[in-house]
Amino acid sequence: MHVHITGRLLICCPDRPGIVAGVSQFLFSHGANILDASQHSTDPREGLFFMRMVFHLENTGMSRQQLEDDFREKVALPRQMEWRIDYTDHRKRMAIMVSRYDHCLMELLLRWRSGELEVDIPLVISNHEQLRKLTADFDIPFHYLPVDAINKQEQEQRTIALLQEHQTDFIVLARYMQILSPDFVSVFPGRIINIHHSFLPAFAGARPYLNAYTRGVKLIGATAHYVTDDLDEGPIIEQDVARVSHKHSVGDLVLLGQDIERQVLTRAVKAHIEDRVIVHGNKTIVF
Amino acid sequence: MHVHITGRLLICCPDRPGIVAGVSQFLFSHGANILDASQHSTDPREGLFFMRMVFHLENTGMSRQQLEDDFREKVALPRQMEWRIDYTDHRKRMAIMVSRYDHCLMELLLRWRSGELEVDIPLVISNHEQLRKLTADFDIPFHYLPVDAINKQEQEQRTIALLQEHQTDFIVLARYMQILSPDFVSVFPGRIINIHHSFLPAFAGARPYLNAYTRGVKLIGATAHYVTDDLDEGPIIEQDVARVSHKHSVGDLVLLGQDIERQVLTRAVKAHIEDRVIVHGNKTIVF
Amino acid sequence: MHVHITGRLLICCPDRPGIVAGVSQFLFSHGANILDASQHSTDPREGLFFMRMVFHLENTGMSRQQLEDDFREKVALPRQMEWRIDYTDHRKRMAIMVSRYDHCLMELLLRWRSGELEVDIPLVISNHEQLRKLTADFDIPFHYLPVDAINKQEQEQRTIALLQEHQTDFIVLARYMQILSPDFVSVFPGRIINIHHSFLPAFAGARPYLNAYTRGVKLIGATAHYVTDDLDEGPIIEQDVARVSHKHSVGDLVLLGQDIERQVLTRAVKAHIEDRVIVHGNKTIVF
Amino acid sequence: MHVHITGRLLICCPDRPGIVAGVSQFLFSHGANILDASQHSTDPREGLFFMRMVFHLENTGMSRQQLEDDFREKVALPRQMEWRIDYTDHRKRMAIMVSRYDHCLMELLLRWRSGELEVDIPLVISNHEQLRKLTADFDIPFHYLPVDAINKQEQEQRTIALLQEHQTDFIVLARYMQILSPDFVSVFPGRIINIHHSFLPAFAGARPYLNAYTRGVKLIGATAHYVTDDLDEGPIIEQDVARVSHKHSVGDLVLLGQDIERQVLTRAVKAHIEDRVIVHGNKTIVF
């Protein structure tokens, strides 16, 4: 059987006529058949253009290096594009960091095992021992790196080293209950996905379910976002909510919220894996 | 045909054994057949019990006054109850206050005309002229009371007088773009329902759609709540959300949001009309 | 101010490499700037390609006729395309047919008046008198064409004549309770949108709410579809549902269902107006 | 610490005045404090009354046997009630039957381990070997009972024996791909919960996702119902749907549907465990 390689091209450039034509003409003339295309223009004052193109690459004998060199010179430079191409035969390497809650970790591992999340998971890192067995059930190495006030900086350095050693492409904080330092974040810019257990910007910070209970909201939510130096302020990838009522105790909200957290996190992670997300300022475009 | 009167009893009292038994026994012995009952106990530290009972009243010859006097003496006083009974043959009188947006007003009037909202609407008050014709199409008196920095206090007094003259039971702010003074609010405590065009507590205050756009949220919402002196902080009755994406401009959010606003407001108004809402502290119990 | 004309190109053709490139190159070289593009490939056995491209047309002095002649010759014929271009300065002419329920009609008229539905509405046709006043409130001509067993064929011919006389582009059956004959349907192929008050294919035919009640489903729904000769079997454009329980009587289902009907119908009509829908066999692609 | 036993009383009887009063008075006088009550009256022609009461039982020295004997004599018999009381210190015993799909099984086991499903799971039975390891990870016995055309009857008898030997209270078919015979069903009337992978009554029978794809629906769903002799026709406990589009292949529908299946099944199982479901004819009342 003839095997196609699929490429995913993401671009951002000043909006002006001819970009779709130029890019699609380039791909066609290089033996790439466009499977899917999505685009977005910001409002005219900002004047930016974003596009995602998915294509099959025929065996034309041309190397990817050649394709990309050619693209840079003929298409990207003249249009001041930021761009990148990912190929589906490179499986991204996703590290997961957790604390004690198992629902998000379990959801990710299950969907990974079923083939729905097409990534490699080289390691799980935790500041607690609880989820070691669960991780082992999936034959994934588990690293226990406890954190306290004294060793925090040191453990972060160890964590970074471990992540780099495993060639981690991106990190999922699947209810990791430690705040990462700016130093840590700067090593993986736009490559750390967190799940916050509220509908941000409502109930940022600690104890969102308690605060939601106290305020008496009728919906609770969860938010998956990229981590930046501003806690709970990074670009939002995905959100969802569930209906609650006066009958729900704080404990009920926690339980109900876990269902939303794992769904929202999974959808965000999937979008990231499939190169559907472009960060623009503090917002995301999710194609 | 035999016509039943339906009563709706709402109670709040210290939680202790025997309340359901006591109340239902009382109603039964007074010829009232219970049609529906809902109850809620707060957590034990607070120790409060809430109940709504809907009942048919047989023609036993006993007046409502007698029934209520009896209830007060035999059931309510011994248990330190707060309580009230409303009867469906008393249609509540609902005033609507609007500014320029027609979607919430229209939704309320349509559902009123279809019989879904079982209220009388003695008047619509607005600080703008725009919605006069629409209101007239439904044969409802329209009062134009423009507000500016100078006349605000005076116009509020006129509004209060008008509302009282029409024996208004409660007021719906169907996108009324003026902040009511504490004086105004104090005349109608727990009897003013506002629709705020965000998922509170996110995006309280002015321009919620613009702020939602800027933050890049993936859901927008609306919140119906009772008005208190703290702007956008009153007890929430109902909320809902709709999905949005990077494709939506601020204008799109406004348009999409209007659908949620009118649905949320209608559900809240309906719950209020049917005596389903009990305010407790800054939260609501919606049976 | 410089006014752009927006065009919307819809195409269907055998799937093979170079279509996006060819079409976008053509548009670019004819002074058209692509604003939005969506595409869909069916599975390889069927091998079809669908695309919608929205573009601004610069004032290049080239007439639309020239553009389309050129497109036909250079792009469409070599690729065996079916295609059409609509322009936003041609407002579609939408006729509405109703019986006695007002909720769908009202929703359409409100959204038309607010500018959300960018169409002209030359007439409303009904087999009952009830909705004449409502229609008149919106200054739209109302035609009363009662239908009975004897005059049905004759009235259909009158209806067709009326629709043609008003240069109707498409027809919305906003709860029109008569079955249209194949003759009627054949005059407006793919141009009649119906709202069915169930989640098709469940509860096709008459009395869907009663049947939903009898079966004890926990969700009720509505379906907007193009009308074909097979009753309730035409291509589905949009569907949605709402949650119900044992507490809901058939009457409650009817009331609740009306909310879904009007939302689903409006979304379908909007998609049709914006040339987002391509019918393919008995299914739709909604871009 | 003082430990309360919680009882759950379910009743069904002819609707007439005084039932709530009678039952609540009885419970109160027997030292039971009502925590929650829900009731439902069918329409007057049918004239039935259903109620669920949850109560704490004080240590009055009265045995449950006495309580129930007393209730039968004083409350139930005079009102022709069908009734039962379950106590939370009796954990129900839930057997799970599966074939090859793991998503529903996994969901149940996870929520059981987290304490959300308060049952014992004495065994998992399967006609395939695939899910043995997963079941073992949760320390639950796994029984492999392969079924073919010849041994079907015999294996059913073994299954029944196994279920009875483990004192199974109810059975969950978590995507068990065999049709149970009427003989089997008759042993566990109203005690077998199945998940069907469509929004019934749409797409009953085999291959619902393929049929949904072919029909071009815009939502897919799942239905949890009690098993009766009529395949896919039993009383519906819970349903839900998810949005799909022309972009989804049959495989995508399967994947997306699995999320709905496991949520719907879990909610149904939870309602059953908490004695919230009363079957009435071919419908359910879910309190």
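Should a chain be cited, it is by its letter among A, B, C and D, assigned in written order, with residues numbered from 1 in that chain.
Just so we're on the same page, contacts are C-beta pairs under 8 Å (C-beta built on N, C-alpha and C of every residue); 3 or more make two chains touch, one makes a residue touch a chain.
Listed by chain with UniProt protein names: A, B, C, D = Formyltetrahydrofolate deformylase.
Source: prediction; values computed, not measured.
Need the most distant chain from chain B, centre defined as the mean of C-alpha atoms.
Max centre-to-centre separation from chain B belongs to A.
Could you state the distance in Å from the CA-based centre of chain A to that of chain B?
Centre-to-centre distance between chain A and chain B: 42 Å.
If you average the Cα atoms of chain B and of chain D to get two centres, how far apart are those centres in Å?
The answer is 37 Å.
Taking touching chains as linked, do they make an open path (line), a single closed cycle (ring), a hub with spokes (star), an all-linked set (complete), or other?
complete
Flag every residue of chain B that touches chain D in the complex, lowest number first.
16-22, 24-25, 27-29, 31-39, 41
Hey, which residues of chain B end up touching chain A in the complex?
40, 43, 199-203, 215-219, 221, 235-241, 245-247, 249, 282-286
Where on chain D is chain A touching in the complex?
For chain D paired with chain A, touching residues are 102-103, 106, 110, 114, 116, 137, 255, 259, 263.
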